[in-house]
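Dropping the structures in below, format is structure tokens.
In what follows, chain A forms one complex with chain B and a second complex with chain C.
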Partner chain A sequence: MSTTTLENNARELIRNKATASYKKRERWSKVYTGFIALALAIAIVPLASIINDLLGRGLRFITWGFFTQNVAQPSLMHPQDVGGIANAISGSAIIVGLAVAISVPLAIFLAIAIFEFKNRFMKWVLLIVEIFVGLPSVVFGVFAFVALVLVSKQFHAYYGSLALCFIMVPVSTVNSVAALRSVPSTLNEAGLSLGARPSRVMFRVIFPVALPRIMTGIFLALSRTVGETAPVLFVVGNNLFVNWNLNKQAATLPGTIWNNLNQGSPYGQLECWGIALVLIAFVFFFNILGRLFLARAEKK
Partner chain B sequence: MSSIRSTETASVEVASQGRKSLAGNDRIYRGVLVVVVALVLAVVAIFLFDLLKQAVPGFRLAGWGIFGTRWSFASGQYGALPLITGTLVTTMLALLFAVPIGIGTALALVYLVPQRLRLLASSIVELLAVVPSIVYGIWGVLTMEAWLSSKAFPNLQNWFHGAWPFNGQWAGQGIALGSIVLAIMILPIVTAVSRDVIASVPRELTEGALSLGATRSQVIRKVILPTCRSGIVGAVTLATGRALGETIALATLLGGVTYHSPWPDRLFATGSTLAAEIAIDVGQLSGPSGNVLFALAIILMFIVGGVTYAGRVIVRNAQRKFQ
Partner chain C sequence: MSDIQPTSTHTAGDQRTVTPKMRLTDTTVLFNGKAAVKNISFDIAEHQVTALIGPSGSGKTTLLRAMNRLHELTKNATVTGQIALDGTNIYGKEIPLTVLRSRIGMVFQRPNPFPTMTIAENVVAGLKFIGMNDKKFLEESVERSLTAAALWDAVKDRLNAPAGTLSGGEQQRLCVARALAVEPEVILMDEPTASLDPISTQQIEDLMSSLKQFTTVVIVTHNMQQANRISDNCAFLLMDDDRAGQLIEFDTTDKIFNNPKDPRTVDYIAGRFG
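On to the complex of A and B.
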């Protein structure tokens, strides 16, 4: 049965109409794709500028002296003393170190508690923790100030650690709870059905399985905590010298940047780029370490 | 036979014990966990109590004037409305910039970037999301401010012939600088989370749409974005929470509420946000008017809490629609 001219014409018409619509949609598609590419380009510009400034203006400060000398103290003897940030590095190290030492066990045990006690009360506890995750860190800073500094009328380095715990514990807890819950429940049930005590099941079975994900979360929380300025700034005072004593005041990397920006000399303001470079190096180090950890664990 | 019996009943007993709350013969475990929870709750209680204890005198000091329109901490005027407006304005401007660009960048990362660069690009975006805010403060003050006050602001003012919002006196610091830097700060957050959501759209959906003859943009607009809606709302909520609470960067960039600029009514105005003002006036925390700062903190917590809650409600409703 050969096709009639009418059918041929109809088919021609439909094909042309479809092509026309397709052409029009393709044109719009190119416009939208252009928008997306433009968004990417706009996003890259400021970030490239920041990286450019960081490296361009900050690298010149990265010398051996930068890490080993204390903050500049120009004097008659040494009017050109440029100093370094050794005091800030030591301060940040001990403050963050103590914060981690307190936060990690606390977060893990709290997460275990939320995981094991499956009642309504603990649901509220988890909700409270999740709310704390979203609170601005300055709120914890002022709380630490009134609860610690105003009461004792002194500044101590470990006050900063306690303030940082408010930031590390909620995030680590929420992440650890998710990690524990991601372990297949069959493992838990198998362990219990073999007659093991719940604590043994937790520490021998569930916790090791969840550990990679927990560790990653802790590294990520750590990378965020290292850069936190506000809560620590209000409670640790300052220290011009290298200090490993938690009882004394301490300088921190972000705190030194803050002081330089607000009250410092022009040199101090330039120095901020170098300090920022060191700070970012630590932040990235922990972040990358955490993600490498996770990738390796998942591969197994 | 009987031994198998007893093992069965024993294992059933123990299994059912585990399903309930922890058994009595694991007392140390249970005890430690209870102590930890009690400790944490005690700290939370002290936190709330102290915060309120400090804030109430602040509210009383300012009276209902806390919602007044004049803020001058040094001279004792505690109308916080300029600060609240400043917080909302900077956050909204930042979102206005960061959300479209962030979602567009996320789409570009998933669909435009060639396969080999994808891992590198995603890693860069995630690293940028954890850059400490003080670094943005440095860059804003030392680089962006100079560029804005010498190039961007004069040109903008000339171009628009002094029309709102580009009117009036400009300095380097101000709402515009703060909002731009804030936008750049939350951009990686929006991009990273959106990218995860967009990349997790099941392939069958996109392939099905393409096989029906849809163009790429139609696939994105009609299939991917609606599917990702709740995830993207979550990303925006996260970004908003961060923007509202941003303290350090804005403290260095906003320039404060001044006599000449008591209200953030134009782009070139200076101003302050709740969080930034707390950081700036922290020296007065122990002084007689320090309590007002706690009142500011409480207001900020309410705003952040409200926004986060609204975001969660939206996400929950969107997910419910799916089912």
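On to the complex of A and C.
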């Protein structure tokens, strides 16, 4: 009989404790929810106001001519004739295009090497790559300026591509290593237990499974690269015309904003809103593309 | 062919005259110098099912993975003693590692079909990995392997569907088919039904007796009834005081379950520990 009473007492005690614990948790839950809502507001309000400003001030520049005309020098008679951004779009396209063409194979090759060879040397390589991810991009711009422009005494579009590789390769590599590591090791074991060479298992099993996530990483790196100003600003010079030659100087979208702000006419400075809007649209586009790949990877 | 003397104490009674497919002699598997299983010796008879039983931590899976050298994926893993396939040491230079693993296949605890491949592609993945590209040969292999794995009828109309569309039990039978496609002489199974529901488990168990015709099976199982139902011989492992697995008893399944010699086997079979 006494054990039953003891049991009942213990049970009551535990239930009371559980209820008290639940109520406490509820109170804290409300506090934390408040914090998170506040943090969200702090993050969203500036972003929303920026986009609002961009749309409000930049949208009127978005015309067909804005994309098809080159930058122009406003005259006294036509103070608003600052032209378009066709030259900057062509420059940004070839610079980023070459950067992608160099970076993607290099980053994938590096990622596979880091993933496959788990020795001390590769650990150091990964550490260095991770340090590069964290470096401010202006460092690469100055480095490219000193190593390329000062030496050759010339500006070239492809200098900008090389400078951008310093951003794209580390970011893509780190993302690709994470993508490869997210593949279950049992797939590797299954492949090896069929008598396959490790390289076959890597390229036929592990890499295809990791590919959507690798693509996500590359597009996120790309969306960061498109808007980068510092690395290209010092090394590509400028070009007033549409140019597809990587050996010539080139205008870029971020560079044009920089030029307009510093030396443009009052109307040219206003035009920066339009260019910024285009730039944001590109970044947004590559971001969405990357996330689409991620969604596909997670569905599987 | 075999230069290894029979280890009579650890040879199943009525199998003594049969040439073993595999022979373990004083096999010790170490990780970072610490033994996970110690001094294991027994024979694996051809075209029979040999079960490794014992409580968690007794080294069954470690021993199984040492049999096709998959444990080498773990850093600092070493093996002493000998594991022989048809009388040849699998740790010697005579058998290249990739050839060894195609001769000794494996089915894992959880179904692990290759997710980016179709059902048919999964089956012949091992053949394609070694450069087999004859279309007719591959097609025949798909049907032969899936039939042997008792999956052909269920999937013959959707061979080009992604492997992920199959149920868990079907995926595991697909993995059996994938392992069979490279015509292994031995199949190692690491608790192949541990993640399956009772019906799928039943199907895999039914498969086991027919698999014996094609190959030799070594299976790790936690399930005593399963070991009793499907195996011909049983190896009972137990962790010793150094936390290393040791072979307590090896005999025909009938003797292990009905007339065990070692009192520890008696206790384990009776469910007194483990």
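Heads up, the rule we're going with is that the second predicted complex is superposed on the first by the 247 of 300 C-alpha atoms of A that agree within 3 Å, B and C clash if a C-alpha of one lies under 4 Å from a C-alpha of the other, contacts with A are read in each partner's own complex, and residues count from 1 in each chain.
We adopt the following convention: contacts are C-beta pairs under 8 Å (C-beta built on N, C-alpha and C of every residue); 3 or more make two chains touch, one makes a residue touch a chain.
None of the values given here were measured: they were computed from a predicted structure.
> Under the stated touch criterion, which partner chain does A:284 make contact with: chain B (first), chain C (second), both, or neither?
First partner only.
> Looking at chain A, does chain C or chain B touch more of its residues?
Partner touching more chain A residues in the overlay: B.
> Can A:259 be said to touch chain B (first), chain C (second), both, or neither?
Touch status of A:259: no partner.
> Based on the superposed arrangement, let me know which partner A:33 touches: chain B (first), chain C (second), both, or neither?
After superposition on chain A, A:33 lies in contact with chain B alone.
> Which partner chains sit in contact with A:238 here, chain B, chain C, both or neither? Use first/second/both/neither.
neither
> Of the partners chain B and chain C, which touch A:208 in the superposed model: first, second, both, neither?
The second partner, chain C, only.
> Who does A:186 touch here: chain B (first), chain C (second), both, or neither?
second
> From the superposed pair, tell me which chain A residues show up as contacts to chain B and also as contacts to chain C.
118, 188-189, 192-195, 197, 201
> Across the complex, what residues on chain C touch chain A?
My answer: residues 68, 70, 73, 75, 98-103, 105-106, 108, 110, 112, 114-116, 125-126, 128-130, 164, 175, 178-179, 182.
> Taking the touch rule as given, give the residues of chain A at its contact with chain B in the complex, in rising order.
Going through chain A, the ones touching chain B are 22, 25-26, 28-29, 31-33, 35-40, 42-43, 46-47, 49-50, 53-54, 106, 109-110, 112-113, 116-119, 122, 125, 128-129, 131-132, 134-139, 141-143, 145-147, 149-150, 166, 169, 188-189, 192-195, 197-199, 201-202, 220, 223-224, 226-230, 233-234, 254, 257-258, 261-262, 269, 272-273, 276, 279-280, 283-284, 287-288, 291.
> Mind pulling up the chain A residues that touch chain C in the complex?
Touch list, chain A to chain C: 118, 184-197, 200-201, 204-205, 208-209, 300.
> With touch defined as at the start, can you tell me which chain B residues reach chain A in the complex?
10-11, 14-15, 17-19, 21-23, 25-26, 28-29, 32-34, 36-37, 39-41, 44, 46-47, 50-51, 54, 100-105, 107-109, 111-112, 123, 126-128, 130-139, 141-143, 184, 187-188, 191, 213-218, 220-221, 241, 244-248, 252, 275, 278-279, 282, 285-286, 293-294, 297, 300-301, 304-305, 308
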